[in-house]
Every structure is written in C-alpha cells, then in structure tokens.
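Single-structure report; data block below.
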Amino acid sequence: MEKRFGSFKRVGTIVVAAACMALTAGCSGGVAGGGNSDTGGALKFGMLAPFSGSESAFGEYMKNGATLAVDEINAAGGVNGQQIELIAEDEACDATTAVAGANKLVSQGVIASVGGYCSGATLPTLPIFLQAKIPMVIAAANSDDLVAAKQPNVFLVNGTGTQQAQAAVKFAEKSAAKSIYVIDEGDAYSTNLSKAFISQAKEAGLNVSGSTTVTPTDKDFSTDVDKMMKAGTDFVYYTGYYQAGSLVNHQAKAAGYKGIFLIGDGAVDAKFAEITGKGFTDNVYGTFTMTPDMLQDGGAWSAAYKDKFGTDPGPYALQSYNAVKVMAEGIKQAGSTDMDKVDAALHNLKDFSTASGSISFTEQGTLTDAKFVIVTIAPDGKFVLSDRLEG
Amino acid sequence: MPLVLKESSSELLVPPNRHQMPPPAPFRWRSEKGALNVLGIAVFILALAVPFITASPYVISILTAGLIYVMLALGLNVVVGYAGLLDLGYVAFFAVGAYTSGILTTTFGFSMLEAVPVTILVCIVAGIIIGGPTLRLRSDYLAIVTLGFGEIIRLTARNLEITGGATGISGIPSWSFFGWDMADGLVIAGIEFNGKILLYYFVALVVGLVGVGGISRLSRGKMGRAWKAVRDDEDAAEAMGINTYFTKITAYIIGAVWAGLAGQLMGTYLSAISPTSFTFLYSALILMAVVLGGMGSTPGVIIGALFVSLAPEFLREFAEWRYVLFGVLLVVTMIFRPQGIWPANAVFPWSPALAARRARRAKATEAPEDSAAGRPA
Amino acid sequence: MTQIILNGLFVGSFYALVALGYSMVYGVIKLLNFAHGDIYMLGAFVGLVILTAFPGLGAGATIPVLMLVLLISMLASGFVGVGIERVAYRPLRSAPRLAVLITAVGMSFTLEYGIRQIFGPSPQAYPLRVTGDPLPVFDAQLSSAQLVLMVVAALLMAGLGLYVDRTREGRAMRAIALDQRASTLMGIDVNRTISRVFFIGSALAGAGGVMAGAFYGSVDFLMGFTIGLKAFTAAVIGGIGSLYGAMIGGLILGLLESFGTTWVGGEWRDVFSFACLILFLTFRPTGVLGTRVVERM
Amino acid sequence: MSVRNTLLEVKDLHLQFGGVKAVDGLTMSVHENEIVSVIGPNGAGKTSAFNCISGFYRPTAGSITFMGKSIMRARPSRITQMGMARTFQNLRLFADMSIVDNVKTAAHATMSQAWYDAFLHTPRFRRTERACEADALAWLDFVGFSGDPEAFVGQLPYGGQRKVEIARALATSPKVLLLDEPAAGLNHTETQHLMALIRQIRDLGVSIVLIEHDMGLVMDISERIIVLNYGREIADGTPEEIRNNPQVIEAYLGSDEEDAQ
C-alpha cells in the first residue's frame, strides 16, 4: 500500500507548483480583459438570435436577413472602407444562454449588436453591451421594458408593444367593434402587447368586455373560447404566437364565433393558416409591420433573399436586415465605432430609407413612426396587406 | 483506564472491551482520502489561476455558469445521491432563491447582503412546504409530485405581478459591501479586476469550495450516515432509531437552501431573471449531472455538472443533439454503470479494484470460524 | 354550465385514454413510465407520416380514414412501447426503484428530442381534420367530431376492460399485478405478459395522439410532456393500478380543469391540476377507486 | 428468580390484514435481564407480533407498554430510542455502507452531534465521531467479528453478516433486544457461539426476546418460553413446563383425534 500512494503526493505537489507558475506568468496579460481591442480588420457585428429552444425556427430567418444586408454593404465597399463581418450567437430565448452569448460576442471584439428576439432574453444583455461600450440596434424584441431600461445605446427597429397597440385600436375603431375580448399567452411579448392595447382601447372609449390568458402548451382552449363567447364578443385581439393562436381561432369559429379575429405580429406566419385549417381563415386580420411584398420594391428584396437562401423570407428577416443597415449607416455618419458617437448619429438619423420605408428614432430610441398596417389571409394562406391605416 | 467519553448518562449500554480511544487520525497523505483532498486543493488552485491565464469575459462567464451548475448538482446530490429521494423539481428552489433575493433587492430596497438570511429562511420554509406532504410518499410518487411543485412555482412566478410576470425581474443589484459595489471592480496589489464577471467567478469558486468541503463532510458525519441508511433500507434505518421522515426532510431542506443560494448568486450575476430559465428541462439537466457523474460521490457530481454545462458551449453541433444524447446517456448509464463515472464508495474511479482486494483480505482473516466468538468478557 | 361540463368530459376522455396506459403499467410492474406521455406524441407523428406519405387520404371521408390511420399508429406505438420495455426496463427489473425511474426520464427525453431533431421544433399542421357542425345539447353544444372521438375513446376503454376481465391474458396480467413471483410459478410467462401490457398501454396512448392531432389540428414534439403529467394525475385521482379508476380519474380531472379554468383563468390551469395531484396524493393516495394496500414488511 | 420489574407488557393484542387475523388476543410480558423465547408453528403470528411491538405494524386493538409508557402509536425509531432494538429475519444490513458504518448508524439516537458540527468539522464532531467509532469497533469485537471493518457488508459470509446485525442492534444501547430467528442458516458451531453470545448480552443487563425454530437452542438457553398458535399465546413457562405441556405438543404435532379420522 505504501509505495502505491507515494506517487500521489508527488503528483499533488507538481500540480500545485504548475498552478503557481501559471498564476505569476499569466498575471500581466490575462486580467486586463474586457474592452474591445480594435484589431483594425473587419468591423464585427454581433447578433443574438434563438438557434435552440422553442423559438429556434426564427433564429435562421434573422441570421439570413442580416447576412443579406452585410453582403450588400460589403459589396458596396463596406463602411468607412472597412468590411463587415457578422457573428451570430445563440440566445435560446433564455436569460442565462443570452448572457453567455453576449459575453462571447464581447470577447470576440464585436463593435455593434444587431440581434435580440425574445424580450426576456435580450433584457439582461443590455448592461453587458453598455459596459463593453457597444451600440445596440435590436431587430425583433420590442417589449417596453427594453425602452424602460433608458440606455442611450439601445435602438429598436421593430415597433414596440405600445405602437402596435395604437394600430390595433385604430383598426378596432374602423371596424366599429362593440365588445372587444383580449387573449394573451402570459409570456413577456404577449402580456406587454395586451396591456398596451387594453389601456389605449379604454382611453379611446372602446368597450373591452374581458380578457384572459391561455396556456400555450395546451391544445384544448374550449373553456377560454366559451368565456369569450359568453361575453358577447364581436372583436377578439389575440396577442400571442401562431402555435396556440391558430388553435384558438379554429375552436372559436367551431363554437360559432363570427366576429373579427385580430392577431399580433408574433402570430403572423403562413403556418397560422395551415394549422387553423381551410374554411376557418375568414375574418382573420393581423397587426404587422410592412412586409417586403407590400412595398414598392419589396418584391425585389424577397427575390434577392430567395435566390440567396432558397426559401421565402420568414418573420423578422426584414427587421434584421434593417437593423444591420441602420447600424452601418450610424457608424458611417459617426465616422467611428465609438459608442457615444454612433448613438448620437443614430439619434439624429432622419428618414433613413430602408426596405420597409423610412426610419428615424425618438428620444428613447424607438421608431418615430412604426408604420403598423393591417394584414389578412389571402386564399393561398399567406398574409397580404389589407389596410394601410393612413386615413 | 479506558477513556470513557460517552458523555451521555450512565444508563447507556457501554461495550465491555472498549478499545483505547484511537489517537486523532493525522492528515494521512498516504491514504486515499488524503490523496483525494490534495487533488481537490490542487484543482481549486488551478481554478483560481484561470482568470489570470485567459480573462476573456466569455470563458469566465461560462465557467461561472458551470460553477453555479456544480453548486446545484452538489445540492441535488444530497437529496438524490445521499438520501435516495428522486427530486424532479429541484429547480423550484433555484427559482425561489433567485426570485426572493430579486424581489427583496428591487422592490423592497434590501441590499443583496441583507437578502441572504431572508433567502435562506424562505428556502427552508419552501423545503418544508414541498417536502412535508411528499416525503411520506413512495419514491415514484415523490418524483412526480416534486415535478408538479417545480411547475407550480415556475407558473406562479410567471403569472404574479410581484415576480414581474413573464418578463421576470431585471436590474438586480450586485453585492455591495460598505459602499463598495462589485460592479465597479477592484484593485488589489496592482492587479486590476475590472468588471463584475471576474469577481463573480471568484465568489462562485469560493462558495463552491465551501459546498464541496462542507457537504462531503456532512456526508461523513452522523447525518450523512442517516441519509445513506435511509437510502439503502428505510425500514432497517427506522429500526436503528433513525427517524426517517426527519432525516429525509433535513436532506430536502439542505438541498433547498443550497439551491436557493445558487439562485441568489445567479440573480446578482445575471442582474435579470425570467421564468423561462426555471423549466423542468433544467431540473432534468441537474439530475443528469448527478446521475452521470455518480450518485452520492462529490467528485463525480462535479465532473457531471461541468460536463452538462460546458459541453454544449464547446461542441457547437453537440448543442443541437445534446438533449437526445443526454436522454440516451441516462438510459445507458443506468443499465451499464449505475454508479456513474466516479462511483460514490470508491475514493478514486479505479478504487473498485482496491476495494475488491481489501475484501479478499477481509475474507482471509474471517475464515477461521471458531476463533473469536464467545470470548469471555 | 353544461358547456363547461361537455368541454371537461371531452378533454377528460383524452386524459383517460393515456391514463389507462399509466395505470396498467404501474399496476403490473409498479413502474412509473415517464415515457408514456411521449408515446401519445409518437402516435400522433406516426399518423402524420402516414397522412403525408399518402396525401390522397386526407381528402376522403374523414371517419373511415381516421379509423385506418388510428389502427396503423396504434400498432406502431404498441411496438415502440414493447421495444422501450425490452431495451430500457427489462434489464433493470431487479434494479433499485430509483434506477428504473431515472431510465424512464432518460427514455422520455430521448423520444421527445429525437422527434424534435427529425420533425423540427415548430408544430406541424395535421393533414387529416375531423370537423363537424355543432349539435345542440341543452343550452350548450358539442360538435359531432367531439362526439365521434368520445365514442371511439369509450369503445377502446370498454374493449380493454373486457379484455382484462374476461380473457386468459387479462387474468395473467391481474395475477402479475398481485404477485409476480407467484405467477411465474403458475406457469405465466411474465415477460411476454408484461410486453403485452406495454403494447396495449402504448397503443391506447397512440390512439389518443392521433385523435388529438386530427381534432386539434397541430402536433409538436412536446405535446407528450404535458398530457403525460395530466394523465398521471388522472391515474392517481382514479386510483393508480385500477383500470376503471383511470377512466373515471381522467373524466374527473377534465371536469376539474375546465371548471378551474373558468373560475381562475387559463394561466392557472396547470397549477390547478398539479395542486389536485398533490392534494390527492397527500390525503387520499389510493384515489377514488384504489384499494388500501397494506405495506407488508 | 427474584421478582424483576417488567419492561415490556403486551395485553390482548389484535392485528388484522383484511380477513386474516395475524395476532388474535396476545398477552405476554418481558422482565428485566431475562432470556425469553417465542416459539410456535409457521403462521402462528410470531413475526407479526414482533412487528407490532417494534412499531412497524399498527395493531387493531390491545395495548403495548414499554417501561410504563404505551408505545401503541410510537414510530419504530422512537421505540428503539426508548431502548428496544430488533434484528430482522432476513438480514437487512445497509449494503452500500462499510461494516463499521453499519454499526455506527445505530448510535444515531445516542450521539449528540448537530448537522453544523459535521459541516464545520467542530471539535465536538471529531470527539463524538471517535467515540462512536470506538464503540462500533468494540461491539464488533464483542460479537466476535474479526474481519476488516472497512469492507463492504455484501462481501461477508452469512455468519459474519449475522454477527454484524447483532452488533448493530447492540450499538443502539437497548434494554430489550428482539432477535428474529438469529440461528436460521447457522451451522452447529455457529449456533454454539450464538448461544454464548446471547448469554453474554444478557449478562450486560439486556433482556433478550428470541423467535426461534431451533428447539435445541431454545430449550438450552431460554429462562422462559412463550408458545404462540393462531395469533395468541397458548403456553408461557419454563422450558421444562413447556416440554410436556399437552397443548404445545398438540399445536406442533397435531392431536390424536385428528389422526384417527
């Protein structure tokens, strides 16, 4: 027994010695850390998007949209002569993963952040990018908490819950809704939108007869539908995602609901029509930002997207494209990648033309005119423009 | 004169031929336990050195997340490894810790330090509320009921206003002692630690060390033996004077408090928590860390926790397939190597060979049947 | 009011179908098959594969097509259930209870995330839709599709009840439930009977999956997880181990949930059903029909 | 024998599993420092009575008092703490623990060590652990176990495991020790050692209650024998009285009338 363990004693001391040497040797270089050492080469744009977890379908669309913009800018000579390089990291719609991803981007020396899908995951990354002095143009996440954080380096290219609610209220007024019922899924995005809508609808004197929250992982919503029907509803605003939204619409129509079924931008997706089924898509409308096919040269954009990635552009691909373009414009006008200069440039950006119309930012970094429109389901199941709400 | 140290009253039965009290065991470098301690200290020093080698925020942040996983795995090891209670809702206490400290610091203006005792108290109460009714049940009911409680706590956090609803709580302050806040860095002897990330890494490391040392010592004490007895044979443990219900509740509460502290650490570290990071998936991941590492073995559980938390970061394509792989690994481990990578009773993974050799030695001395028994007192 | 009851009964019949599998497996070999909920999901996806492979099927008269798809996916899920028992549970028959439970959790993960890798994370639309115009029932209404599905569920359950009570294999199952060693002495091939139990339990769950897919219209890789928990709650409420208990437990849970959702609101639905589970397990662990089993030393 | 006060008093004990009356009106008592054997044909209710007395079954009627206090509703651990330990018919040792740890668990009730002592490794922890280890080794020595205490229980031969179980029961410092068929499976020499050991335990002031089928051992060692049949005692006396008690013989060998039919 004796000899056998003598070696452990020796092994133990060697390991301890090695650790001490590492301690002294590495002490100079390692600790500085943080800060983005400007390597002169490409301008690195970081993007956090969901590549795993429940929302992972949207990660690919966002990355493709951003890549399309980066390639276009690089083809046109890049920004201030430097090429742009896109680095995408996983956010998985979860705080812990998003923070790890944000730190990874910071350590890879990104000078701008153009991602952000789930509000709950984007929120904790705000202080990390601020401390690393990195400006942020958030592509999809639009909860008012991001604005409430009051960070100068945060800009949203997707209309916030409040702005989308304004469009929904305008549409409700236009359709003379007598009894409105709001349904959300209890998650960050849908509760933000439903609260904004209910407060603005009441201000506008509309009769909100009731609201409820459904559990999205369930399939059977007959009881929620029953509560909605009993309230004599003629106008429903569903603020959750398409997975449960399409089922609620189907079951409401099956239970004899004839009124308008308005859905938030989260549920506007070709799969909504597919799941809710043929014959159940009438009277379904959606509040949504301008999509490429609604714009004058929009068709060209989706064609460019299609031949590069082989599929039609999915939701938020356009917003990610705009986020990259806006960030690049900000850096170009600021003439440097310093956060404060870029923030200032973005703030006084006036009507910068993008694929979905002109963009300029308010004081808090949100779009001055979110340009929400009303879309409806075309016979082929896709969502098409129904009302520009200009009037 | 044998040193009579049983300080309890005289009516206690004392074995007649009591050995002379063995001298306090010296810190035996030679023995396996000694070697394990040396290895433990060496690993700790190496971990201390890492920030000086590569201070990139990404590496440090995933190491800190890994350390938090180690803390959770240590806590769950007490419940599953030592006491044999399958808890499928362990992340509920992680959430209770995070939310209690989050609410206290953001809405009630507690400083993070003042929040610690309250968090511990709340976790104890939660442990009793969840453990109380369920610990009378058989282990398979216990598994589903703890899973149910885990979901109840997550959904309640998601639905209530005070817990910030679905967006959760943001703006949780970091630790601050007497005016100095963790976020604004520290300068010690010329070495400048900037940024919260580095400091939290060291905090997590120290708390981890306390956990490893404390909980493995706990398992060698009276309470640890009671847990293992309850795990092996509940009726026999009851017959030996161990109140099994109380023993199980203690394991449950210690596990709960430990997870609560880990939750509080994660809250201050991330400065924002949301219900999406307390789903059943995370309870299952911690369980996998404990089971793959080796139930009831501290080194094994540490390895399991680091594997479960760090593997997806390093092997990118693994991230997609990790849950399927974990599922398969669980089944394979349970069938072919139920004691896990680093078995509990063996001090070192290769120790079974040693344990077998020791057993042969025991049998050799035991063979002459008619010797010792019945010697006159 | 009756609408709430009808909704509850309809959802309850799904819970009952899956709960039967739980109760049978638990009754016979005292195993909590975590993966059972996922076999419900698997059945739905088998139906999806058949329907996408033969697009013509979706268009035809729905009921006969539904029956055909039902049959095939019941067979498929049944064999998957037998396979799982053979691979994961049989080697651990004498292992400690903790090991078998952990294996079941591992198997549940393998099924869930395996299907996710094949079919992708987002839900798939179900090509076959069972829809029917609503029939007035007192002041409420029940669509003919719901009626058809409840009848099919009832027939399946009745068939199982007869099978277990009347046939020789059924008696063998009940014997093993009481004492496995004794039944081997009586010449019952325990392994074959247990495989048969898994086959029937899984087939019923698979049928539930197909019917849910056809009625609700969408299937996803996590649908098995929630229904698995609900089905276990139903099995416990009815009295785990007893088949009629599972049926009644399913209906009771369906009613409890639909009333709960009406009073408390949708977001508290799962909290409500888990609370029922915990209350039943604490105050009446043997459930409504369960017999009080004295634990002999 | 001098009149010793009674430690254990069982009056009219009933226990029913569904229709089966396992224990049907049993009355018996155990005095201080005494060796009592409980015998009876299989299914007479010996082990069921044992399980009621040690708290594992909740009897349907009757009363059990130990040292003056009723233990009808007490948990088994409470009864063991009060001083009545037991062994099991089929050897229930802790398989995953070493032999010395097995015995050390029995000192759980008497050891004054809080969980924070272990967590902080306080001097009280070290002192109580050393005392407990010394006791355990001493008990193992006392029962004649001379193998390696660090080995695992599973690796021991049957006789060795029997000794460890008795050592473990003694480590709870009992006043009454219930032995459930300790001689089952032992060869002749091992039975002799067991007999000597039981006498030694009695000399320490512990009274022994023995369930046993080995009549040689029972007749040799017992001061008093209680015979059970169909759940109640049919005889209670010294070995000689029992040897030629007609009811006992009938219960064991069946009466003449039955053979005649």
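By written order: A, B, C and D. Residues from 1 in each chain.
We adopt the following convention: a contact is a pair of C-beta atoms (placed from the backbone, for glycine too) under 8 Å apart; a residue touches a chain by one contact, two chains touch by 3 or more.
Here the structure is a predicted model, which means the values were calculated and not measured.
Q: By that same contact rule, can you tell me which chains touch chain A and chain C alike?
A: Intersection of chain A and chain C contact lists gives B.
Q: Have a look at B-D versus B-C and report the one with more C-beta pairs in contact.
A: Contact tally favours B-D.
Q: Chain with the smallest distance from its CA centroid to the overall CA centroid?
A: Smallest offset from the overall C-alpha mean is found for B.
Q: Hey, how far is the Cα centre of chain B from the one of chain D, in Å?
A: Chain B and chain D have C-alpha centres separated by 38 Å.
Q: Roughly how far is chain A from chain D, going centre to centre by Cα mean, in whole Å?
A: 71
Q: In angstrom, rounded to a whole number, how far apart do the mean CA points of chain C and chain D lie?
A: Chain C and chain D have C-alpha centres separated by 48 Å.
Q: So which stretches of chain B touch two or more other chains?
A: Within chain B, residues 158-159, 235, 320 contact more than one other chain.
Q: Of all residues in chain A, which are in touch with two or more distinct other chains?
A: Answer for chain A, listing residues that touch two or more other chains: 186, 213.
Q: At least two other chains touched by the same residue of chain D: list those residues.
A: Residues 56 of chain D touch two or more partner chains.
Q: Please name which positions on chain A make contact with chain C in the complex.
A: For chain A paired with chain C, touching residues are 53-54, 56-57, 186, 212-215, 217-224, 226-227, 243, 246-247, 250, 254-256, 271, 274-277.
Q: Across the complex, what residues on chain A touch chain B?
A: For chain A paired with chain B, touching residues are 1-2, 5-6, 8-9, 12, 15-16, 18-20, 22-23, 26-27, 30-34, 51-52, 90, 93-96, 99-100, 103-104, 106-108, 118-121, 123-124, 127-128, 131-132, 143, 145, 149, 186-188, 190-192, 213.
Q: Enumerate the contact residues on chain C facing chain B in the complex.
A: 30-32, 87-88, 91-92, 95, 97-103, 105-114, 116-117, 225, 229, 232-233, 236, 267-268, 270-271, 274-275, 277-278, 281-282, 285, 297
Q: Flag every residue of chain B that touches chain D in the complex, lowest number first.
A: 5-8, 12-19, 21-22, 24, 214-215, 217-218, 220-226, 228-229, 231-233, 235-245, 250, 254, 296, 344-345, 355, 358-359, 361-363, 365-366, 369-375, 377
Q: Within their complex, state which residues of chain D touch chain B.
A: Listed in rising order, the residues of chain D that touch chain B are 54-56, 75-78, 80-81, 85-86, 88, 92-97, 101, 104-106, 108-113, 115, 117-121, 125-135, 137-139, 141-148, 150-152, 155-157, 159-160, 163, 168-170, 172-174, 189-190, 192-193, 196-197, 200, 203-206.
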